[in-house]
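I am attaching a structure below and will ask some questions about it afterwards.
Going by the order they are written in, the chains are A, B, C and D; count residues from 1 in each one.
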Amino acid sequence: MSALILTLLLPLVGALLLAFVTSVRWAGWLNLGIAVLTLTTALWLGWEVAEHEVIAGLHFRVDAFNVYLVVLTAFVGLTTAIFSRPYMRHVCANARVTPAGMRIYHSMYQTFMLTMLVALTTDNLGVLWVAVEGATLATVLLVSLYRTPEAVEAAWKYFILCGVGIALALFGTVLTYFAAQQVLADPTEGLTWSVLHAHAAALDPTVMRIAFVFLLVGYGTKVGLVPMHQWLPDAHSEGPTPMSAVLSGLLLNVALYAVVRLKMLVDGSLAATDTPHLAGALLMGFGLISFLVAGLFLHRQRDIKRMFSYSSIEHMGLMTFAFGLGGPLATFGALLHMLVHSLTKSAIFVTVGHAAHIAGTQSIDRIRGLIRTQPAVGWSLLLGVVAIAGFPPFGVFASEFLLLTATIQTQPWLSAALLGGLAVACAGLFRHVQPMVYGTPPEGQQPVEANMLPVMVHLGLVLWLGLAIPALLAGWLDRATGLIAGSHLL
Amino acid sequence: MSLAQLPLLEQFLLLQAALVLFLSFGLLSQTRLLAAIHAFAWQGALIAAVTLTVAIAGHSHHLYFSALLTLVLKAMLIPWMLHRLVRRLALERHTETLSHPALVSMVAVALVIFSYWVVVPIVAEELTFTRNIVAVSLAVVLIGLLMLVARQQAVAQVLGFMSMENGLFLAAVSATAGMPLVVELGVAFDVLVAMVLFGVFFFQIRDSIDSLDVDRLNRLTETEEETA
Amino acid sequence: MNIHPAFLLALLALTLALASSLVALPAARWPRALRWASLPLLALSGVAASGAGLWALIEGLDLGLTLPLGLPWLPWHLQLDALAGFFLALIGILVTAAGIYGPAYVRGLENGRESLAALGGFSGLFVTGMLLVVLAADAFLFMVAWELMSLASYFLVAFHHDNPANRRAAFLYLLMAHVGGLAILLGFGVLAAFAGGFEFELLRGAELSTLWASLCFALVLLGFGMKAGLVPLHAWLPEAHPVAPSHISALMSGAMLKVAVYGFVRVVFDLIGQFHWQWGVVVLVAGSLSALTGVLFAMMQSDLKRLLAYSSVENLGIIFIALGLALLFMSTGHPTLAALAFVAALYHAINHALFKGLLFLGAGAVLHSTHERDLEQMGGLLRRMPWTGLFFLVGCVAISALPPLNGFVSEWLTFQAALQAWQLDSGVLRSLIPIVSAVLALTGALVAATFVKVYGVAFLGQARSRHVRRARVVPMGMRLGQGLLAVFCVLLGVLPTQVIALLDPVAEAVFGTGLPQAAAGGWLWLTPVSAETASYSAPLSILLLALIAGVAILWARRGRVRRVRRCDPWDCGLTPPTPRMQYSAASFAQPIRRVFALAFVLDERKPTATDTRPRYRLRIADRAWSLLYMPLAQAVESAARRVVLLQSGNVRVYLGWTLATLLVLLWIIS
Amino acid sequence: MDEPVMLSAWGMALLQALLYPALAPLLIGWVRKVKARLHNRRGASVFQPYRDLRKLLAKETRVAHTASPLFRLAPYVVFVATWLAAATVPLVARDLPTAQIADIIVLVGMLGLARFFLALAGMDVGTAFGGMGSSREMMISSLAEPAMLVAVFTLAMSAHSTSLSSVIGYHLAEGFVLRPSYLFAFGALVLVALAESGRIPVDNPSTHLELTMIHEGMLLEYTGRHLALMELAAHLKLLLYGVLIANVFVPWGIGQAFAPAALALGLGAILLKLAVLGAALAVGETVVAKMRLFRAPAFLNLALLLALLGLLSHVILEVGA
């Protein structure tokens, strides 16, 4: 329990402290330090959960499903902090951001981490909602950090779209509460997920159906499901790169996590009706559409960060599809995919940040021959893309292997769509990435001092996961699979 | 069961709900910003009233508090902030020309019917009353969303957003006799922060495109052809 | 657990390959790491692999092993049986040759701009991947190894990435490899869905309905066919193979394509475990199409390596023809004949590995000493590079399926298998197979023509450009590499009975019967079906050749004047011919181009009488592009162009989408 | 077979192998003689080809500066390969071990080997005519070879064997049967034989007119003993085809045992058949005109078509499942 409290307190304290630290240098270091501490406590938490299945109390509940996401969040938070320290100083040095902006940046960075962790660990749907909305509020200022017209526009769209989406999610939550009150003895527990999950079968299916629609559209907006995804590429491309890394790496995961938690409730309540798999079917539909559409979007990109944000949409779609598919194999694959995707994608965004610095632009057409200019960056980008495109021996392949085989076992004809989608996406990525890394660099493209450590660590981990999944992690994932899909894989 | 058989309080509730709905129609078609803000304030006040009524009916104490909260936040604080913003943005005289006002209100009516149709299947006899309120609040939410779609003026969009929130409050209070306090506070806090941020963004937007017409925020798009 | 030494050897090969890729990494700073450490290790790995493979073949081993890697409930399963052993040996021989050949070759790249670390590193991974594919015994490991192989070779194709054409080739290659890989993955998925597991053991036991089996077959045919370059899935092959460094091209054409064959055999013959004559027909047709198209386009090329790549398409076609025959015979209940066709396929697989590897190494040698890939610039190389010339000649004779070299034996066996069609009951098949064999015959003849062109234009006649005139003998290592393969070409040509004795256990394992008759008449006589039906004695024919040659020489040289006088060429009394008067590659191919004009999309520009600077230009396009690839690409493009309308840039439209989605969903659920 | 028979068999085989080069010029001479007669000329003696060869052997051998070692190697390879191919075709006796060494596919392969080196030799010196000859030769052969193989397959499939002696034995065993497939196969083989041995209407052995020549084009640079070998190889090839057609389609009279009588009969029979064939060839060459080069493909397509028809008619009409 104390581990949990610490894990939540640290970012809070950090946010408050950083709001007052004026020195950019110290802020960077402090941010880093807090991230380190958060990770340690998160690991401690993970160990505790491994000890005794579940940790619960005062609206919080940590089980196998969210604990690995907590650790992942803390970890990505740390590596991104490592990257962001020199990067943001570079930005600040170029006077793109005022020192005040830097204060906001660091404070909001921690606030964001806080909201993420709260959203993951809370057991209360209301608090979950509050946290996710808080995440929006925390990041929206960062998106407009550079104050360019594009940045402001992106921030506004992000704000309005996610605000509306989240509002709808709240309506769904209210409906759930409404349904809960009819069955629960103590109505105040009506938002406690664990209680609801216990009584899921009793919840009025009609209300839950409507509620789930609102929740899906609401949180789905944050997941970036087509056609509510439009904020995502804007926010990713205009915000500072560390922000893009954590958005793609964490926020989307958390939103999807919320969707899956709620799906579990709805499945419970719909089990008896004539449409038991409604939630799953909806998820599959949204997932497939997002996956295919995003894959096509990749072909028309001119901005490198936008491109990778679309690839994020594509992968979120894939996971959503897998969760909708249900069944232990697909669920395990989806959980694994969450993990490897956020590792790989944040690594890619870090690399992209360096690449953009090298070329002095985010426009794909003007980034050329990175391998020649700075082999480390060039190869990292290439390998990152190879990993995200689902080539072994990287972990993404393992999860996609599971997804595809699960698909062909339950919905064989959809696997054709997946096949086409993956091919299109692969083509879309490489047609843009190859010219950027290969070939002869243009004049005046200079190497920059880049800290590739986070990238190395992330890709290394992804590689490791592709070759062998450590027993502890496998145990977590499998217990989570048990929670979600109802049956274990191992 | 018909209205007549309901106790007076519930009839009163339905009346208030109806008024809320009416106000969001007003919001939707109101072209003058200040007037719209006032309408919004009234809506907030009505929500507060509803909360109070439910509190009296259900003797639930924390609802008194949330009624107060709603009143302060929705009927006073936020309208006041909007007022200030509008004045600082020198938009008092601003009136917006809706493209197809008649069409929009027709759509709104359709939305009301639709939301009722959606909620009808909730069949639990003793719930009919709350069910209808849910229908109303759903309508309010949808109309708020419609307002976001229809209005191209940033402040008006914010109003639409806020009236969505109102719809949510209405649902929360009337259908479920109030959310847990934690959540209420959290939501209120979020709304407040959101409002502040909106304020910030008004100025940022005006600095970047020296207007608050969101249709002119169209730099970020995939549709235009490559200029290579 | 104690591991069988042969398996240890195979694992050693894997480790060595990995090691060679690791020790290559320092090459970024010390280019010599490649020559002195990486490539020798690669050669050793090749030796180990071929050793393990031969061991498994001779002893007819069937071993299994699991490594604690991979998915938590699915550790890596390895296996070493006769089939795997054969392909292991095949890859091993080629890798050895490439490893011996490589150092001298990469020396020419050391002062280039490309990073040798990448070259060495990915070469090692490439070999690792190939070996691992052959050793894999569960679908997951197989796919991992398969994609590793594709990926590593992609980086090798993109090695000379300054040239945009090479980048395009690499992109195309990667894309098609990915699609193929996914198709194979789905094929495994179908099997696994019925088997309830991914281990080959379980997959073998899967009970599929004909429909599902056929779907699985179609998927794997698509996947492996794409890698094997079956027409019309071959488009990547002539683009990608030539642009890689030559010893890699040799590995890609020689070994990697065979790995695709292995995969096809493993899945279709071993795992699916049911045979339908329709499948056989499909494979037969695909094979014939590839064989014919491949050789016709090879004939038209003037880029040496590109030509060789197209000829790979043709040879893979022949292999698949034989496999198709095996499927047909098996599905109609003639296991012995199936075994015959199968052995023919394997024999041709190893032959193609040997002579195509040899030819690519030769092309590499030419490239190394003349920096020229264009036949039109070559000529007279035989006198300047005698060793390479000799080995290349061996390669040409072998690939043209001429006795007494190895290419002939496998083609002969294929014909023998085809000629057993009379044993089939269905008249349709009985008449289909002879037509296929006619195609095979035509292919063989065209191949001969093609390689007469190659050798005649490149190595005979007079040099057509200055840098070719300055060609020098290549270093020892490169000659050794070619020599090794040339020797194997001769051996496999002269001792077919021994080779078939080695291949027998593979057929045994797959069909439960080998070729009992093959060596019935003693090791001298190769009698695949029976002595009456057909017999071929390569050793004796060699003997007779030598004998008759002796007689001929004696007889011819008893004239009064023994010594030969050198003089100017006569050429019907024309002035001493200049190099520009020689027949060029294009002109050599002209008659055939004209006869088979239908097969090509020709764009020919002849100079007019009034041209001040008359030039002849000829472009030959592949129909597959205009018929298959371009439409696909355009479809994707237009779809993308439509989809981006979602991102119109107006926030109100976006909100409209949200509202619409909400309403639609609510409508759906109520 | 026990030892002595074995030995005698091998002896016979060698004798027969030697008989080929001995007879080959004679056939050419015979054809020329008949042609001359048909042209109302007396013509040279039937033995003229022998004299030509002797003359060539006596002459000095010259090789161009630009020629590579392959140029001097080629004549031997061509000659040897052709001879070996010929040696596997039963001439006077059927069941010889040489026929076991190589079946008919190997025979085609051997001819292919010869052609391969011949064409290379043509390109070696680097003259325009050589290249032209090789290019055309390969074009012709690439069409003729499949036709020949398919025609042979027709025989092989009905005899269930590709070994010539078995095929012949099969025919002798079942006596005279009128097979439509054989008619087609025969036609195809004749056409192929004409094309492959460079006779009218595909090529003209007695011209050096550059636009028409194929085979001669490749030999332009050869002199002396090299030329002699090449010529003899060409003669062998003609003889080979003649014997093939004669003995496969009209096998009667060929020696079944190694008894002198049988052998003598066999020799007489084959001489008779060849005489007839040669005369027929001469007549054909007199009445038919040489065709343009690019008509040749049509000619050979006809051959291929015939062969395929033969095969199909065999499959459809004769096996009759």
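As a convention for this text, contacts are C-beta pairs under 8 Å (C-beta built on N, C-alpha and C of every residue); 3 or more make two chains touch, one makes a residue touch a chain.
Every value quoted in this text rests on a predicted model; they were computed, and no experiment measured them.
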Worksheet item: If you take the chains that touch chain A and keep only those that also touch chain B, what is left?
Response: C
Worksheet item: Which chain maximises the distance between its CA centroid and that of chain C?
Response: B
Practice prompt. State, to the nearest whole Å, the distance from the C-alpha centre of chain A to the C-alpha centre of chain C.
Written response: 44
Worksheet item: Between chain C and chain D, what is the gap in Å from one C-alpha centre to the other?
Response: 35
Response to the item:
Distance between the CA centroids of chain A and chain D (whole Å) is 78
Worksheet item: Quick one: chain B and chain C, Cα centre-to-centre, how many Å?
Response: 69
Fill in: Touching two or more other chains - residues of chain C
644, 646-647, 651, 655, 658, 662, 666, 670
Worksheet item: Touching two or more other chains, which residues of chain B qualify?
Response: 118, 121, 145, 148, 214, 217-220, 222
Item to complete: By the touch definition up top, name every chain pair that qualifies.
Response: A-B, A-C, B-C, C-D
Discussion item. Quick check: in the complex, which residue numbers of chain A touch chain B?
Written reply: 59, 124, 126-127, 129-130, 133-134, 137, 140-141, 144, 147-150, 152-157, 159-160, 163-164, 167-168, 170-171, 174-175, 177-178, 181-182, 187-188, 190-191, 204, 206-207, 210, 233-234, 237-238, 297, 300-302, 365
Fill in: In the complex, chain D residues that touch chain C
17, 57-70, 72, 75-76, 79-81, 83-84, 87, 98, 100-103, 105-106, 109-110, 112-113, 115-116, 119-120, 122-132, 134-136, 138-139, 141-146, 149-150, 153, 156-157, 160-163, 166, 208, 210, 220-221, 224-225, 228-229, 293-294, 297, 304, 307-308, 311-312, 315-316, 319, 321
Discussion item. So in the complex, the part of chain C that touches chain A is made up of which residues?
Written reply: 28, 68-73, 113, 115, 140, 143-144, 147-148, 150-151, 158, 161-162, 164, 167, 170-171, 174-175, 178-179, 182-183, 185-186, 188-190, 192-193, 198, 636-637, 639-641, 643-644, 646-647, 651, 654-655, 657-658, 660-662, 665-666, 669-670
Response to the item:
chain B contacts chain A in the complex at 118-119, 121-124, 127, 130, 134, 137-138, 141, 145, 148, 154, 157, 161, 164-165, 167-168, 171-172, 175-177, 179-180, 182-183, 186-187, 189-190, 193-194, 197-198, 200-201, 204-205, 207-209, 214, 217-220, 222, 226, 228
Worksheet item: Within the complex, which stretch of chain A touches chain C?
Response: 156-157, 160-161, 164-165, 168, 209-210, 213-214, 216-217, 221, 226-228, 230-231, 233, 278, 282, 293, 296-297, 299-300, 371-372, 375, 386, 389, 391-393, 397-398, 401-402, 404-405, 407-409, 412, 415, 419, 422-424, 426-428, 430-431, 434-435, 438-440, 466-469, 471, 474, 478, 489-490
